[in-house]
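Sending over a structure as structure tokens; questions will come in a sec.
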């Protein structure tokens, strides 16, 4: 309805290949970015930053990483949290052991460490597929968490296994307030999302999708399965690794290996499924949904208890949360396997054709 | 029909045998393919036709025999090497990338010509974009050639069967192959679609000089468009020659034409 | 040597328990092509329900059949609500849906019965069998032996069920060919309910045994994760594979923990089976007893 | 400095021929897009400078092949940039472009090629080349065939067939070496030279070549541009047949006068998509295009959800009530209506204009046939400034235009400045202006017949001026007849009223010298087909659908509604349709029943279907008929059906007491 596309014609391939070919979308994303970079930092409360916006962005990045692997390259992984752990602990060690290393470089290197680990654990994908692979990625999850727990060097021999992340300082500016951390995370996530979009819309992305959709045909036209899959593992793990570093540095401050649990891996998988498999936008939508859901449930329970005086057993909220997560996954897989992103896409299509139905 | 000029032998298959476990798929098959010709492989179901194509482009590795491609003898092909050497193919059951648009599907066909890597792709603006545009131009020519302009941005999963076949041909053409292997390009099509596909195959052969090896069930089509035909039955070669020779080959008539038609 | 035997036997006995859980996976995978990640949650749910009912004052002999009934209802609900709409979907989608199911069942179990650990008294003590201790000097838990016995009976029973009964044969047919199964005259939906019901029964038995040993608690769901390497090793479709795989995993993880653990800081039980299975997978992707897949195009 | 250069410089000021106009634009707005074409997935764009260079190359190439002053150049194909440029290239050399209908069969082209003594033809593609080859034997003078699209042309090794690319390349080199030669040719061109020859298909007889001078056509184009304040910023979609005067005026004449951009669609199938992409600011279409669009709108809305449909219906009612008035800026629209309309504009009209590709339209015109008042009102009411114009090939499509703010649904507007219009005694409309034909090619007889001694052109249309000075056209003058009782009978008027229903595609009314009016009806396959599907009426094709009793009933209702309207139409009240039948086949230009511009060839139809007319007037209840039809590929077949004759209710005429 608000899409007025008449007259938006493309005279060059560069215009035709834009990320947002429709002018209204370009305006929309500009507004969103302005809002995120200018309005929100000035208006939101520290609670909103630390409890909602920062985790939302970090999980978006992790979900984006998983989406590259699962959504684009078709390799299901249940070990996302482990790659995040690699990122978090690697950057801790880089910062700790390399005097004066720039934060961003440390993050990038920790992403590379995660990518290397990802390649190693991606090797089985060459021989096995589907849930055999999924099951084997569980090994990653357990093995890495175990390594980080058992090998003291990683945690700098902290007795509790807990590490405390150093401060983020760039060009002498310390990102120590929630708003500053938020801006830092937002910048990293925005840039990495852009890079991801660029990859998936060019030959790299096509190679992933080709392997995902029909690996035999992909091989016959010259894509090399090993290279393509391992690249997907590497890039995906890189994203998760950076997300993990941000998780430690900009969100929690102190982390322990057990924090990167299987449950967290699942949570990120849920973000991808609910948000939309094979969609960059979906990673953000899914993350927003999963991050906000517990908050909303808490508000609901609070309302039930204080306003309606319903007697609720203690601990019910976490059980109900599990059930809601589970039910949502089932619901989305049955009703809309491509998640919120597809719903948005359908809605957008409707708006573009409005008032016609199709 | 204009008589095509066939050139030298480009692909020579010598005594190829292939079996899966105890099942013999191909036994001691030899034939050659000349440059610029349209070479048909026919035979009843299960005669080993698709296996033959799979041997040529390295999906299957024969236990015995030699494949001489452009003068270089090999015991077996490998899919990547085959693609690199200019062998492209389509599949009997459409093997398109269902989640992508027509345009992207055909773009994948150009992957071997794309030099960009994932880092350049991630940065995009610069070399990657230049390359994307350069290859897009080429792909648009193919889209134009196959007359599928109106569906270029449609996800292939939504297309009717006939168009999917055409897109698959487009993807193979995008590689600018020297040999094109077509596995039943006209199966399941109506008369009109078959005519279109025939025209495209002849045009490809004519305009780009592409050598074509095709498997097809429609005898009329095969006899019409191919220069030479090889006949397989139960994994063995029972005939090889021009359409006229095949028509009059007693073995072929007995084993195949007489029975099935 | 005695110590090694003790470790080995202990491992094998644990392995039988793994096999039980893995058996649930295999049953469902064989009949419906669904890789049921929720098997662990079902173990947890079944055990918690039985114990919960018992704690309410019911005798175990009443609580167990009642739980079985609940499991059948659950199986029917899953078939109707989850599986039926997803017929003909890719296996990976079905796999993910069972992850959702896992969360749902776990949440449901805790919402009904609470999240605290419950004790289950079966009347068998987890003490070394004195006879063995006296004669061979090996300490083998009495409980483990009983549990292994029960597991053995269960496996034998299932084997009989599959080969001797009409329903069992139909189930096997389904695994091979859905069309063929239809021609036997049993609707696919019904077969699914049966197979999920049977898996629920296996889960109940496994849950009770594990629960009696370690207490009925959330950690039960992790036992199910142990079943995954068992499956990778044994193959997804093979009942003997599940059993042999379970034994191998049980024994090897114990041995590794005891002999290798001290050098690397212990706790390798958590991942060792996976790495073992993974290495195995690279060598033989179809598993010990699985069928070789030839990719045709 | 040579004299030629001097001449070229002095030519800078000249704007009196199309080549001069083109060079002018290349100078003053060289970087402004002149031509676009959807090709290879994007809108390939040529600036005025590039277009001028291409055109020069083409002209030089043609000249090298021997094309010279006075030669006629046939141009056959869809709207392709290079075919438009070819017109100017011919004009540069003092030749005359003769655009022809691209969907005509070879035999039809043969006449024009012969008549115009065509030696050179520039055609679009293999299909057209094949047609040329087919008739080459009849047209021995045809010496050069140049094709635009090389697809499939590899094996045509005849020496007289050449690719346009090749010729242009030759020309380019030549022009670089000796630019003076072409400049001289251009300089020699004068405004009184013939600029174009457009063949009118004519409802009877052979086509006639209408010769129009540069001066005349430029005058026509300029008048239109000034009238609607067209600037170089306009975008138009060039999708109508190039041989039609309307397209020549809009896509060639006015584009060159105003310097705006023309956009050629990818193919005939993608016009709607391309229209939406370009979003033209200036648009021209015959009524049937608007009609089809509206039909599609209605069909698509049928499938919309209930709420959406209710919303649509509600706001369409609002628009009907006040939309046209608001567009005209008329006072007296209540505030509530204005508010409602603004809301509707946000929710329905705006989006609707957008999906139709018309949201940027400043001015849209329709001409070529009468447009239904409902149809006309619909477009105006949703905020599209649709207007009517009146003109013909002979008058360069520029006689009357509707001025902004003075739109009447049933008139064609006021004579434009510089055009004199008067009504002859028999009601025929006579026109005199600068923008008029010079004569019919090689037909002095026909020229003398249609241009009288005072210089008035006899349009052949019957009409009258209303009290505000707006011209109203009722019918072709020669078609206006009398019923047996002496009352006036204007078949077109009745047919148009019938055709205003979405279900009726074509109608032919009879009544001259008869005691009552009867009619043939062609149903609209799309609209009726959709209607039938929603009622679960199965049908196998046009013939089957047309024969359904339900469809007959549907048409009957339409006819009766027309009768109810006609009864109030004063002198045409006696023309109510008494009996009609639904034809078993669609009237088709391939069967000579329609002209290429889809006008009914009345005489031919009444001869061909005499037996049906007899059945209508003899009171029979049904009539069996077999008809030969020609398919697109030239094969023929038979269609047979037993046609039912329907009786329509008529209304008693209330004569006003004189």
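By written order: A, B, C and D. Residues from 1 in each chain.
Going forward, a contact is a pair of C-beta atoms (placed from the backbone, for glycine too) under 8 Å apart; a residue touches a chain by one contact, two chains touch by 3 or more.
Everything quoted here is computed from the prediction, not taken from an experiment.
When the C-beta pairs in contact are tallied for A-C and for A-B, the bigger tally goes to A-C.
Put simply, the chain farthest from chain A by mean CA position is D. Chain A and chain C have Cα centroids separated by 33 Å. Taking each chain's centre as the average of its CA atoms, chain A and chain B sit 41 Å apart. Once the centre of each chain is set as its mean CA position, chain A and chain D turn out to be 57 Å apart.
Chain B and chain D have CA centres that are 47 Å apart. Taken residue by residue, chain B touches two or more other chains at 59, 91, 95, 136-137, whereas all remaining positions touch fewer. Among all residues of chain A, those that touch two or more other chains are 12-13, 216.
Within chain D, residues 41 each touch two or more of the remaining chains.
In the complex of the two chains, the chain B residues touching chain D come out as 2, 103, 136-137, 140-141, 143-145, 149-150, 152, 203, 206-207.
Contact residues on chain D toward chain B in their complex (touch as defined above): 39-41, 151-152, 154-155, 266-267, 269-270, 273.
Residue ranges of chain B in contact with chain A, taken from their complex: 57, 59, 79-80, 82-84, 88-89, 91, 95-100, 104, 107-109, 111-112, 114, 116-118, 121-124, 128-129, 131-133, 136-137, 171-172, 175. Listing the residues of chain D that touch chain A in their complex gives 36, 41-45, 235, 276-279, 297, 300-301, 303-305, 308, 311-312, 347-348, 350-360. Across the complex, chain C meets chain A through its residues 35, 81-82, 85-86, 89, 91-93, 95-97, 99-108, 110-111, 114-115, 225, 228-229, 231-232, 264-268, 270-271, 274-275, 277-278, 281-282, 285, 295, 297.
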